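Two complexes follow with subunit A in common, the first pairing it with subunit B and the second with subunit C.
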Partner chain A sequence: MTILTLLRRFGTLIGFVVIVCYFWAQLPDTFMTARNWLNITQQLSMLIVVAAGMTIVMVMNDFDLSVGSMASLSGIVAAMLFSFGYPIWLAVGIALLVGLLGGLFNGVLVGLIGILPFVATLATLTMFSGAAFVVSGGKTISGRVIPEAFGNFARQGIEIGPLTVPNLTIVALAVVALVWVLLEQTTFGRRLYAIGGNLEAAHLSGVPVRRFKLIAFSLTGLSAALAGLLYASRVASANPTQGSGLMLNAIAAVFLGMTMSGQGEPRVLATVLGVLILGVLDNGLTQMAVDSYVRQILVGAIILIAVSFSSISKAKRS
Partner chain B sequence: MLKRILRSMAFVAVAAAATLTASAALAAKVAVITPYLAQPGTQFYVEAFQGVAGDKGWDVNVIDTQGDVAAVISRIEDMVTQNVDAIVINVDPAQVQAGLQVAADAGIPVFGMDAGADPLLVTNVTSNGYQMAAETSTYVADRIGGTGNVVMFIFDAFPPVQVRGVIARAVFGNYPDITILDQVTPDVSDGGIADSRAKMEAILAANPEPGSIAAVWAAWDQPALGALQAIADAGRSDEGIVITGIDANPQARDEIAKGGNFEASVAQDFHGIGAATADAVARVLDGETIKQRVIYVPTKLITVANAGE
Partner chain C sequence: MPLLELSNVSKAYAGTPALRQVDLKIEAGEVHALMGENGAGKSTLIKILAGVVAPDSATIRMDDRLVSIDDAAKAHRLGFRFIHQELNVVPSLSVAENIVMGQRYPRRAGIFVDWKKLNSVAADALRRLGVTHIDPRVKMASLSTGDRMLAKISAALLSADGAPARLYVMDEPTAALTREESEQLFRVLNEIRAAGNSVLYVSHRIDEVMALCDRATVLRDGQSIDSGMLSEITHDDLVAMMTGRKVTETYPAQVAPPSDETAYEGHGLSVRKGEILGLAGLSGSGQTELLRRIFGRPASAWRRGIAYVPKERRSEGLVLTRPIFENITLPHLKTHSLGGAFLAPGRERGFATSMGDDVKLRATSTRQLVQQLSGGNQQKVVFAKALSGEPDLLLLDEPTRGVDVGAKYDIYSVIREMTAKGMAVILASSDLPELLGLCDRIAVMRNGSISIIVEAGLSEDALLNLCYGRATHSEAA
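Up next, the complex of A and B:
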């Protein structure tokens, strides 16, 4: 392995370590503490869930722009059902079902009808967002209609020794584990990668591409809905736009992760590292009192640097 | 000679640096966290807050989460990790309870800057909705000489606006010759102007006699603007129908300045709210306990006399 291939393969990882070390040096007392890292994972839990789901469709070279508005919609659906007096498990179940069906709808548009994912999910982005506004009447649903236990879920955790691991962190880790098993340990996952590698070849070798797209988009929708519920629990309320920031960050995280894999394909653990880079920047720069707008510029620059590294070294190889 | 000058300059520089570091070490660290920094009102609060904070030598960190309420919780957690001396929020406290609890557990005081009252906030600094409604409803009652039919535009689903309606009803109810002709809740999904206009057109059609409507009292500016358009469109601008709004947004100020039917609105003192929040923070940092759960900052009636200011 030459230095260049090392950089290409591990450049983003090295970058992450550099960022962490920098914050550690700048914030010696507060950054590298168990408490702060648990905070970061809790803060990132929603993005991790969305990004893990996004990884599934991006493995097939597709992507889903509607995840943010699906997250908003699922939160709104659950909150409205709470206001009608539904028990938590049922309201949450129905909200997740909405996510699954919304994702399936995306899958039909992309897999069966054959619309480009950019166009199809751009259209469903506005549809889901509109539905969230219609269902909620444009209002933020908060206060007494949200069951206390639902809001408490995001505030509590499991005590392990002196530390409390937040419930949100545990859910995020569970989702990552499930997606990892699905993508890396099953035939289904390997075939998804086959579709991403060469759609025609996969089709000709008998992979049921359409069915795979339906399932993959459904799972992405489901994870978006789950993220929306985590968000709603964290803020103990639901607002028709609250998930909108998740989509671009999720795609950014997957792209950051893709720079770390051999063939430039998405891997869910790499996606998690991508999310961590974004979240650590947020946490560290906030603690250092750096302007929140500067952080946005930095994030964009870091994505460009990471992707440039892998592109340049690829070009040299060919 | 040159050496000596250089040496004394170096000494001054070192001394200055030392003073700076010392004052930085002593400076109170205050974080202002809001999802709404892009909104004009919020910018005014924050500027005024920073003005006072600058005088006090605080180290202020303004954090904008750009509409993301969950991120407000995250940033509160980060600020608690940093062990700041005080946190100021400008968001519905009910939605950031998780963060407020973390701050409370760490003993860090959190202040609301037009945020809403909450047991976990030291205090909330805002305008008094009751007072704003009293200003405009008494303006209407005085202006029509305590007699005539009044149309009210209200919005009881939104608590800060609901309190305004309560006061206006009480004021009008106290005049035996004032009749509340209708209490309209407009559809606000398009901003409130268009639907208020449609509702007002219907009311005008139902009351065609000149003088049958003496005034329109609106709980905020958009319905007042809609009513103004409806009255102009119906060719009834010269009947002397008095219109008032609340908030004094730029469009309302323009109309008031023209000297037409839209006669008055009430402006919140955004600078005053920012400065008063900083004062509240200063009091608590000095060890005082603030008993007031809400601190009200006076508002200002806007009429043709001062609409252009």
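Up next, the complex of A and C:
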């Protein structure tokens, strides 16, 4: 029973270590190198930002399906503004504001009107995606209209000794740090977890549940918009479907993370580990030249294994 | 011949013994009480009977034959039926469907549900309990808690697979029932007894057990005590068996009389500083709604010094998956933080520890999860939370429901101490002796509003009559 408890708590972590060791053995020259890991974190930076934001709403037992299309929309908005000659700071600021307002809209639907998050954010997923197509005219915006400095941001980094830590990695780490402080160190985060644990009890204890839902969804929207900008910077272009893969992976990462926390609640650091598991699998399997469709099947299977392991041992406990 | 005889039942969880060589003997045609404070091992014993928990050792005889209870299905075949404290009903389905649930629905042409037959099967089951006022076609959601209980019991009476019911295990069946509904239940118990079947009756209500049951088995610290015939012992004897000490006073005495200063006025009542105002009435007469109206918007109520202990501690009072200290500091979290924004867990835990001591909370640490505590201790956490901001007015809705004798006394003592310091209390309770034992005045509610406010000191019968609207005094309009 104690072994089972240990496995429940650390099974996913052990699995992660096993996966890393496996790739290390299979790819002795390329996998366990600082360069590869920095590369992984750079590739994952968008997903980390979205997943960290997703963790905020999932703490309240809600979730947000619209993050992917919000990431597309924010990239498109910034790119369009660039094409109108807006300075970078203003275009980026407006794109982020679009994310905040889109998230706030989700919050109004879920928190004030009381629509189930699944339905509300499924509808806004479609709306944001449609808006991205309308704004862009369905085209990819690239080339000279994208300011050079904007595209360079993703290519540059901070040099530490022989290594260059990419800017994207640094932004992702900063977001994780902020979300960690918010969720784990503030009265806001504590009360968010109380809402997730028992909404009615939290309400009766004076937690302003509606206001918190508005704020939490706004922050999730903001992080999605930021991820969209990071992506646009990385490819120095924006297209209306660029964020489409983010939503499912972000939710998967939070679920993977939840298998590692004591009460099965979302924790942002665990979410980051969840993202890393997905990213490392992708990286390693790509290097081993595994077909990308097979890769999808493997990633899905690993999520199922992790989640069912924690579900089974939880069922046995009760 | 005993219907069921358990002997030498032992069970330990991770080395901590929950039951130590417990004996339980239930005669046929007997209503047998299972008593004990929270954490004494009652639920473990029931789970063993239900086949959900395997004992480390046990000898189980039924009708003098050795049996084993391997799983829930086996328990069902042996004729054990369980009616839980928290009723698991499906509110959106009809009463009939809830009763027949778990069995094959009667059908037409092999595929279509025969609704007529289904309803008549359910109606028959209800009639066997002498219940005729429930229409099996209505939604379960429209039934009162008591009627739901009756529907659940009639469901247990139906035996689909030819395994007749022999022993009904009822866990705190009257905790949520009105007096009328309880009396209906007691009639049902007598029917079961008359049919030669037995009931294992788990309850904290000593008076009820004394009146209703033939014998009791008392669990204390995982060991069992056979009470013998209840008709031959007194109320106090039974309490002493449960607590291991003589409890002479059920309600602590008032320390100081209430002051003349009004603490709260509104919604048709007023309460003075240091006063305990009772809210009596049949269940559903509007007590909870009145407390909620007085409480108002929670966030501002806590700020204004109004604290609230809701009726359902698990679903309304506590975040079960969080530690004790987080629950206690939740309403006034900002005052225990750095600058209102950043957590100071050390400071919070220190505060929670002292609040816990005030309410005599028994826990290993304030970091313990609330769900790991017994019912009585959980309720103490709710109290510690409510008292955390030194409120001027404390609203209590059924504060001792499902709480054992010892914890009840602790809770009453806390209420007394706080009123002595000037806190005003409004206490809604269906436990009339509790109201009479604690309150200075009692407001009787009928049909959603206060019908009369009386000075305490009347008899239980007089108060009950007021609740039913049969005034013994001159009734106020």
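The definition used in the following text is that the second predicted complex is superposed on the first by the 317 of 318 C-alpha atoms of A that agree within 3 Å, B and C clash if a C-alpha of one lies under 4 Å from a C-alpha of the other, contacts with A are read in each partner's own complex, and residues count from 1 in each chain.
Note that in this section contacts are C-beta pairs under 8 Å (C-beta built on N, C-alpha and C of every residue); 3 or more make two chains touch, one makes a residue touch a chain.
Not measured: the values here are computed from a predicted model.
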| item | value |
| --- | --- |
| Clash or fit, subunit B versus subunit C on superposed subunit A | fit |
| Touching partner for A:Gln263 - first (subunit B), second (subunit C), both, neither | second |
| Touched partner set for A:Gln242, first subunit B, second subunit C, both or neither | first |
| Partner chain in contact with A:Ser83 - subunit B first, subunit C second, else both or neither | neither |
| Touched partner set for A:Gly197, first subunit B, second subunit C, both or neither | second |
| Contacts of A:Tyr293 with subunit B and subunit C, given as first, second, both or neither | first |
| Angle, in degrees and to the nearest 10, that opens at subunit A between the C-alpha centres of subunit B and subunit C | 140 |
| Partner chain in contact with A:Asn39 - subunit B first, subunit C second, else both or neither | first |
| Greater residue coverage of subunit A in the superposed arrangement, subunit B or subunit C | B |
| Minimum distance between Cα atoms of subunit B and subunit C in the superposition (Å) | 38 |
| Residues of subunit C defined as touching subunit A within the complex | 14, 298-299, 301-303, 308, 310, 315-322, 326, 330-331, 333-334, 337, 340-343, 369, 385 |
| Complex contact set, residues of subunit A against subunit B | 27, 30, 33, 35-36, 39, 42-43, 46, 133, 137-140, 142-143, 151, 154-155, 231, 234-237, 239, 241-242, 244-245, 282-283, 286-287, 289, 292-293 |
| Complex contact set, residues of subunit B against subunit A | 59, 61, 63-71, 73-75, 77-79, 81-83, 92, 94-98, 101, 157, 188-189 |
| Of subunit A, residues touching subunit C in the complex | 1-2, 184-191, 193-194, 197-198, 200-208, 263, 265 |
